[in-house]
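The two complexes that follow have subunit A in common; it is paired with subunit B in the first and with subunit C in the second.
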Partner chain A sequence: MARVILDSLKKTYGSNLILNNISTVIEDGELVSLLGPSGCGKTTTLRCIAGFEIPDSGTITIGDTDITTMQPEQRDIGMVFQNYALFPHMTVFDNVAFGLRMRKVPREEIAKRVRHIMKVVGLEGFEKRYPRMLSGGQQQRVAIARALVIQPRLLLLDEPLANLDAKLREEMRFYLKKLQKEVGITMIYVTHDQSEALVLSDRIVVMFNGRIHQSAAPEELYRHPATLNVANFIGLINVFDASFRGLDGDGAFAESACGLLRCENFMPEHFRGMADGTAVKVGIRPESLTISSFCPESLPGLNVISGTVKEKVYIGNMFDYRVATSGGELVRVQASPSVDIPMGSSCWISAGAVDTLLLPLE
Partner chain B sequence: MREQKKNLTDRLVDVMVFLAYVFLLLPTVIVVLAAFNGGEYLHFPPDGFSLKWFSKLFATEQMMESFYFSLKLALAASVSSTLIGLGAALYVVRYSGRLASILRPYMLSPLMLPSILTGLALMVSFYSIGVGGKTFFGLYAGHTLITTPYVFLVVSSVLYNFDYSMEEAARNLGATRLQTFFYVTLPHIKNGIIGSGVFAFISSFDQFPLSLLLTGPGYSTLPVQMFDYLRFEFDPVAAAIATINIVLAYGMMFLMEHSVGLKTLYGGKK
Partner chain C sequence: MAVTKTQQAASRMLLFLPAALWIMIFFVLPYSFLGYVSFKPTSSSSAYLPGFTLENYVFNLTDPFFWTILGETLLGGVATVVICLLISYPLAYRLARSRSKYRSLLYMVVISPLLVGVVIRCYGWMVLLADKGLINDLLLKAGIIDAPLPLMYNMFGVMVGLVQVYMPYMVISLTGSIQAINPELEYTARSLGASRFTAFRKITLPMSLPGIMSGSILVFVLTISSYAIPLLLGGNKTLTTPLMIVQTALDAFDWPGGASMAVIMFVIVVTLLSIYIKVLMHAMRGLK
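Let's look at the complex of A and B:
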């Protein structure tokens, strides 16, 4: 079993806190992404798991083994590097066979296993070439084969698609996902590209400034972001400044410049016991908003805001509006092209309370 | 492919380059021609063709002895400066600590100081510690000292261009530090090591000011021997030995270009 447990990892460089209490559990066979902007600590976390960095405190265990301070070569973890890090003076065969040779695997066995893995990554017949003779995508697959052939307990990938062109990147996402299911290996994937993480992962760990903000399945993360940073990083969102006006059954109220808004999409533990009037944020995704030229009927579960259309762009499957609200915010609305509201005219935008997010300030 | 017509500046550059080559190579050509001189004195243009100065050279025991001595000295000095320069470069490039920043200018200082000064400093220090100024060891240490910066410079520039994730990949695949060095790092910096080692060899072989101060009886290097010889004799034997030196140096450069590539000397790839 290769269950990976990161327990309260801390790491500082000088006075910079790079990892601040990183704890998460990666289940056997799971594909988990570490997602966040550059400098958020995701790569450092990966390097701690690989053994290139040692955390100042906290432990990393795989299965029953504590690997926190083990040498990298003893960990039995595969890794695919951002620039692939293939050995340019070795043929593809020698690159892939390197890990097996270090493990003193008999020659015939090496030949057999390399042949098999080359078939898995679809690069049969490339064994005698040198890395520089391969395209970026092929080099990438050699790097994956080299990491997989040693049958590691865990595969780490550090922004493996960052150096590929857009089209190939898209293809490789699906390829990686398929490969992971076929091989059944636990994978930890570092990326700053939210769409990549959404497509690939069973679960996404979102990090900012050395902390984990949320760890959830892609859909959950998109629908119920726990913090403003997560909401902003994954998908688009309109954010309103507001003050907290108390919990009420399944929902909560917040007073914004546009009026009192009812929010039913939030994490109750963040708001229990919060004082009335505390500054909070209200978030509504552009596609959750409906726009109309008349005031919709006032219903208890509906937030209605009046405004004026400032900008309008037609992008085929929808209109992308920018609406100046009565409260002075500029709000983005993505609406079906069946409703066409002219520029400069007044309008009403509305969103259900279930789609209205209540978020604490950071 | 059709070439663009050359304008005046391009032509001017061509002429300048040509003149620079003439300026650099002409003296060498003259020395070589003088070595095959049929006449009695070292002068140009030569009076007829003859190999007699080469046979006189091979018969001059002192000259031949110092030739072999210089070869041995250059070999010993370049081997030790390669080892020291390699070790220092590995340390300085890998570790950014305080010792590394002190070591870097220190390693390059023999290149900055005139070698006559280095020679003088060495001679005085050898005397003051009581080993005497003119011993084989002193000469060997001096040559190692002034050739090490070449190796240090070249190997560190190659190491700065080296992608360390390759070492991490090797460790990740199960190689120990030592295996990683031999299987991954060394193949990468090998050409730089060989190239700078050859360079160290040639600069030791050619070294004059430092050797002048540190050679003693029985330990005369070739340049010093040639200098002595020319003080008393002015026949083309000196030109003959110079010709052999030139052939040796160009031959090594040629071999290097075709094996490791001279570009490695300034950190480029072959």
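Let's look at the complex of A and C:
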């Protein structure tokens, strides 16, 4: 069993707090992404798991073993780097066989296992070449084969697709996901690319400034971001400054420059007992907004804001509007091209309360 | 007007010109003359006599003393290279992997000996290593030894000087090549089950071979052709081929004899280095 438990990891470099209480559990066979901007601590977390860094405090366990201070070579963890890190002075075969040789696996079995894994990654016949003779995508598959052939308990990937061109990157995402299901290995995947994380992961751990902000399935994360940072980082969102106006049944009210908004998409624990008038943020994703040239019927679960169309871009499957609201904000609206509102004309934008996010300030 | 291919090629060649001229005038011409003189009969009244002779070569090639000195000189070169390599590698590794803000300062410290001339440094060593020098003086006063240790005017003193003077070249070569190695390669090796030492032996060491090669060739060539260091720190107790060549040409006034020694040494060194490069190139065939 390769259940990975990170418990209260802390790490500082000088006076910089790099990891601030990182705790999460990665289940056996799960593909978890660590997602966040550069410097958020995702790579440091990975390096702690791999054993290239030792956390100042906290523990890392795999199965029943505490590996926090173990040497990297004793951890039985595969690692794949952004720039592939293939050994340039060895052939593809020797690269892939490296881990098996370190484990003193008999020669015939090495040949057998290398042949098998090369088939899995679709690179049969490349064994005698040197890494520099391969394309980026092929090199990365060799790196993955080299990490997988030792049958590690856990596979760590540090931005493995970042060096590939866009088309190949897309292919490799699906390939990695398929491979992971086939091999059934637990995988931790570090990336700053939200779309990559959304496509690949069973679960995404979003990190900012050394802290975990949210850990959830991709859909949950997109629909119900827990913090403003998460909402901003994953997908597009319009953010309004507002004052908290109390909870009411399933919803809450917030007063923005555009008027009172009802929000039904929020984490109640963040707002219970919050004083009236506390500064908060209201978020609405561009695709949740509807735009029309007339004022929609006022309904209890609908937030309506009036404004003027400032910019309009046709992008095939939709119009991308920028609307200046009565409150002075510039709001992005992505609407179906069947509704075509001319530039400069006044309009109304509306969003259901269920799609209106209430977020605490950081 | 369009620039033709020939013009392009010509302007590229032009860039070689200053260096080519320099090497022509100060290297190729004198060396050719050296080769020319080595085939001339010896004279006691002029540098050489007209005519052609193989006598100088026959004499040197059949002279066991010449071979002994040449052997010792080359072995001394190998020993200097090995000692430099052993001392420089850990230092270069540390320098190359350092992320400290003092890195460039450390680098400066390493190459700062090059700022002082060889002769001056040898006199510095004399102050330290002489029978009544600083080291022997301290050891005597401390009662650790009864008589001064022979630190100078022997092979030991010469080696100390050679290693100290030529080590920066080794450090510079090694640091450059180690720096070019992605540290993630070692990490990967560790995650695949290699110990720190095995990762070094299997990854970093073979990948730094280009630096080892250039550093060792540089130090070897500089060492075996060194004149001032063996002269000053070896006194008249240690003889190397360069000293012997100068003695033959100047002291014995046998220019053709000295020239032929230089040519023989040159041919042997070039041959040895070609073999060395060939062997290392084979070991590095995956790199580049």
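Following the convention adopted for this analysis, the second predicted complex is superposed on the first by the 362 of 362 C-alpha atoms of A that agree within 3 Å, B and C clash if a C-alpha of one lies under 4 Å from a C-alpha of the other, contacts with A are read in each partner's own complex, and residues count from 1 in each chain.
As a working rule, a contact is a pair of C-beta atoms (placed from the backbone, for glycine too) under 8 Å apart; a residue touches a chain by one contact, two chains touch by 3 or more.
On a predicted model such as this, the values are computed, not experimentally measured, just so you know.
Chemist: Based on the shared subunit A superposition, would you classify subunit B and subunit C as clashing or fitting together?
Modeler: On the shared subunit A, the partners clash.
Chemist: If we overlay the two complexes on their shared chain A, which of subunit B and subunit C does A:Val105 touch? Say first, second, both or neither.
Modeler: The answer is neither, since A:Val105 touches no partner chain.
Chemist: Kindly classify A:Val25 by the partners it touches after superposition: subunit B alone (first), subunit C alone (second), both, or neither?
Modeler: neither
Chemist: So, A:Tyr130: does it touch subunit B (first), subunit C (second), both, or neither?
Modeler: In the superposition, A:Tyr130 touches subunit C alone.
Chemist: Of the partners subunit B and subunit C, which touch A:Phe52 in the superposed model: first, second, both, neither?
Modeler: both
Chemist: Is A:Thr91 touching anything from subunit B or subunit C once the two structures are fitted on A? First, second, both or neither.
Modeler: second
Chemist: In the superposed view, which residues of subunit A touch subunit B and also subunit C?
Modeler: In the superposed arrangement, which is not itself an observed complex, subunit A uses residues 50-52, 71-73, 75, 77-79, 81, 83, 85, 87, 89, 98-99, 102-103, 146-147, 150 for both subunit B and subunit C.
Chemist: Can you tell me which positions in subunit A touch subunit C when the two form their complex?
Modeler: Within the complex, subunit A touches subunit C at residues 50-52, 71-73, 75, 77-79, 81, 83, 85, 87-91, 98-99, 102-103, 130, 132, 146-147, 150.
Chemist: Can you name the residues of subunit B that touch subunit A in the complex?
Modeler: Touching subunit A from subunit B are residues 163, 165-166, 168-176, 179, 183-184, 187-188.
Chemist: Give every residue of subunit A touching subunit B within the complex, in rising order.
Modeler: The touching residues are 50-52, 71-73, 75-79, 81-83, 85-87, 89, 98-99, 102-103, 146-147, 150.
Chemist: Would you pull the subunit C residues touching subunit A in the complex into a rising list?
Modeler: 182, 184-185, 187-196, 198, 202-203, 206-207, 284, 286-288
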